[in-house]
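I have a structure I would like to understand better, so I am pasting it below and will then ask my questions one at a time.
Each chain carries a letter (A, B and C) given by its place in the written order, and its residues are counted from 1.
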Amino acid sequence: MSVSDTNLASAPRRANRSSESVARKVARNVGVPVLSIVLLLVVWQAIVVGFHVAPYIAPRPYQAVLAVTQNWSTLWPLVLGTIRETVYGFVAGAALGISLGVIMAKVPVLQRLVYPVLVLSQAVPIIALAAPLVLILGFSVTPKVVIVAWIVFFPVTVNVLDGLSHVDQDLVNLARVYGAPRWRTFVQIEVPATATPLFSGLKIGATYAVTGAIIGELAASDGSSLALYQEHANTNLNTAAVYGTTMLMTVIGISWFLLVVGAEVFATPWQRRTVARRSWRRVADQSEGDSAR
Amino acid sequence: MSASAILELRDVGKVFGDTVALEPTTLSIEEGSFVAIVGPSGCGKSTLFNVIAGLLEPDGGEVRLHDRPVTGATGHVGYMLQKDLLVPWRTVEDNITMAKRLTGRVSSAHRAEARRVARQYGLGDFLRHYPSALSGGMRQRVAFMRTLVTHQPLLLLDEPFGALDAQTRLEMQQWLLQVWKDTERTVLFITHDVDESIFLSDRVLVMSPRPGRVVADFVNPLARPRTVDTLTEPDFVVLKARIMHLLHGGTP
Amino acid sequence: MRFRRFASLATAAALGAGSLVLGAAASSAATKTITFAYDFPGPDFELTPVVVAQDLGYFKAAGLKVNVSFPPDTSSTTKLLATGSADIGFLTTTDMGVAVNAGAPMLSVANYSMRNNWALFAKPGTKLTPGNLTAALRGKRIFSYGDTWTESMLPFVLRFAKLTNQQVKIVTAPTGNDLTDLLAGKVDISTSTTNYEIPGFQDSGTKGREVQLLGTKVGAPDIPVWVYAVTRSYAASHGATVKAFLSAVKKATVWAAANPVKAAADFSRAYPKSGYTNAYNLEGWKLTIPFLTNAHHQYFTQTNAQWSTLAHALKSINLISKVPAPSTYYTNKFLP
């Protein structure tokens, strides 16, 4: 009996992206953002030149860039320091956020108990938190990491909790009917079902992570840091360096965000692909299956 | 019990608060048969399924499968709902082997079987596709294959075609009968569509609500194989009239 | 500059946000409205002369209505002046040094204080002397707000102690609190001007006077810390206004120096939410008074020597690229 053909024909194909030329893809995904940034720089240059703005009030864009490139040997270790604080804090915050989200989803009593405290933690102005943290933790990298983690964990927790409590219960029941143990249901069903909200939380956290590191650096550093470099530039009316370091901080922030987006693309291929990527296992099985046929 | 019964219910009932979801029910299902259960919403169809599947512990009575007590235990039936419940993060192949992944290891033999079944029933070109790329009918077929490869002799299908359009539905019904014939399973099939219940089954159980209970048990006299013409045969019309009468408040 | 600070920077910014309008009701046709920009995001007792000039009607008599505004951060007063958002500003002399070096056409029109009262402070119970400075600093944590003044003075102290930057640990905390960190043992040495730090010790129930060591005793140049400044173009076009302002403020300064209790109470009344106690304001103002006049008991008067010393000092630590003529920085022609 052949009823299948009509169905196959009517299968809704997604827009076939592989047919889109690579050039067009690059143009859309890279070209447009770059163009908008270039446009921003042009407008900036036009305003500064057109209104005769003094360089100590606002620099020309190229001056800001020069302030970075000419001092790169000084700035590079500071950038690495900020990246280190951001990454450590982000990883710690994400781990804490995921753990809290899972625990709260699994133990409703704990959820009612802990949730208000979490909300409270985010109502505290992070700047007001920085000074006491320094008093407790000193001037090392630790208070910066704590501030970043403090900012990152919350959206992760909320999203993981939300994701886990919205897992399709019919699916969980189906796993039970199959006789699946709870931990396997958790790993195979609940965890992947929470991937999308988890990454939403991580992306929110990623956008604020660098800000947290900078706030921490401003609160106190023994030695130099990117925020202090900027602060010195500011007090010395070196506005070009102030803008330059701001651009650097922004680049760090965007890079980290894009890295998280990249991780999401890699970890959740079903979000944007029709067909799974080829893996070694599958290739091997496929050929074995084909020859058996 | 009769020697060929695969499933037996003995005085199985379930009450939720003040609502009698299922009156104590006794029922015997013959091995290899296709039994349709038809009734309006709230008649206890799904409660009955959940008790058989082990998701619900009945208030009393016993569920026996192959003459072994399985009351309140899971892992002994195939189960499928109107929602296909395919996981979006797995390919068609991996969705088909899902039960194995949830209970143990998926071996290459399991994957080979999944591919064989998919090819046999027209989904061979979609093994590495994600479910989002499939139509409703295709998804439902994948869900059914997933149920099949559990190798459970008893399949509980709860309105599996309820969400499909009429054309696709008819195709799926014919397809299901084909697979049922090929694989020699026992099927319990819930539907609220009387035509569907008669078209597919050897036997139709009619249920009614408040309290949920089985009010009639018809043997389906229609010959197999069944085609579109079956829908207009006199026996079909007669059986349909009797069922409709019951569903609209009549007495047996 | 920011070596005052009891209320944290964030709190100060919140409290100081907006501006206070001082001066005559704008009824008189002759009244001129000007904006005075302070150097810190929130008000504190160094504003006392301006508050007194308002309360005793000196501004009104001079035909002025004065709005006091507070910059968003401690480095913005120069920019407020340069963009015309403020007319007359309050700056440190080191801020003047870097501003002129960066090409900002700033002109100092009067000294606020005459000498350098910047000092090092150690933990209560210890003693800091020129003799034990090297031992007291070596390997120790020294607090800095990262402001131009501290950054300018520290090198001289280290040079005096024969220590390199690597032999001490300078902790920079723009939004931190030097005194809290010192009392909590998080740093070994805090740096600040005496008029701000000693009342802070007093408020916390400890004594700062005994643990202070004036910077000028250990190599720091003895130059004025604060000045009143305008842009060169404002000075050229609004000379009479500048003169009227300085005249009113000078009268108020003299009166406030003679009547510190009343003057401090005036300030406390004008800024009840400043975050400081009246006791702090009074003690701070009293400690400021001795530094307001020079050896000849003059207020406001600037000298070539002070600006030359400043420029050479800043050049010697590479904070500015070249030493300009003293007249680049200041003029005394608007003095009352």
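Methods note: contacts are C-beta pairs under 8 Å (C-beta built on N, C-alpha and C of every residue); 3 or more make two chains touch, one makes a residue touch a chain.
The structure presented is a predicted model; accordingly, all values stated were derived computationally and were not measured.
Asks: Would you mind checking which chain's C-alpha centre is most distant from the centre of subunit B?
Replies: If we average the C-alpha coordinates per chain, C ends up farthest from subunit B.
Asks: Taking each chain's centre as the average of its Cα atoms, which chain lies closest to the overall Cα centroid?
Replies: Here the chain at the core of the arrangement is A.
Asks: In terms of C-beta pairs in contact, which two chains are most connected?
Replies: Chain pair with the maximum contact count: A-B.
Asks: For subunit B and subunit C, what's the span in angstrom between their mean Cα positions?
Replies: 85
Asks: Averaged over CA atoms, how far is the centre of subunit A from the centre of subunit C? Could you give it in whole Å?
Replies: Taking the mean C-alpha position of each chain, the two centres sit 43 Å apart.
Asks: Note which residues of subunit B are touching subunit A in the complex, please.
Replies: Contact set of subunit B toward subunit A: 53-55, 74-77, 79, 81, 83, 85, 87-91, 98-99, 101-103, 108, 111-112, 115-116, 119, 121-123, 125-126, 128-130, 132-135, 137-138, 141, 150, 168, 171-172, 174-175, 178.
Asks: Once bound in the complex, which stretches of subunit C touch subunit A?
Replies: Subunit C reaches subunit A through residues 8, 10, 73-75, 78-79, 82-83, 95, 98-99, 101-104, 141, 146-148, 151, 169-177, 180-181, 184, 186, 319.
Asks: For subunit A, which residues are in contact with subunit B within the complex?
Replies: Residues in contact with subunit B: 1-8, 10-14, 168, 170-171, 173-181, 184-185, 188-189, 192-193, 195, 268-270, 273-276, 278, 282, 285, 288-289, 292-293.
Asks: Can you tell me which positions in subunit A touch subunit C when the two form their complex?
Replies: Contact set of subunit A toward subunit C: 54-57, 125, 127-128, 130-131, 134-135, 138-139, 218-223, 227-228, 231-232, 234-239.
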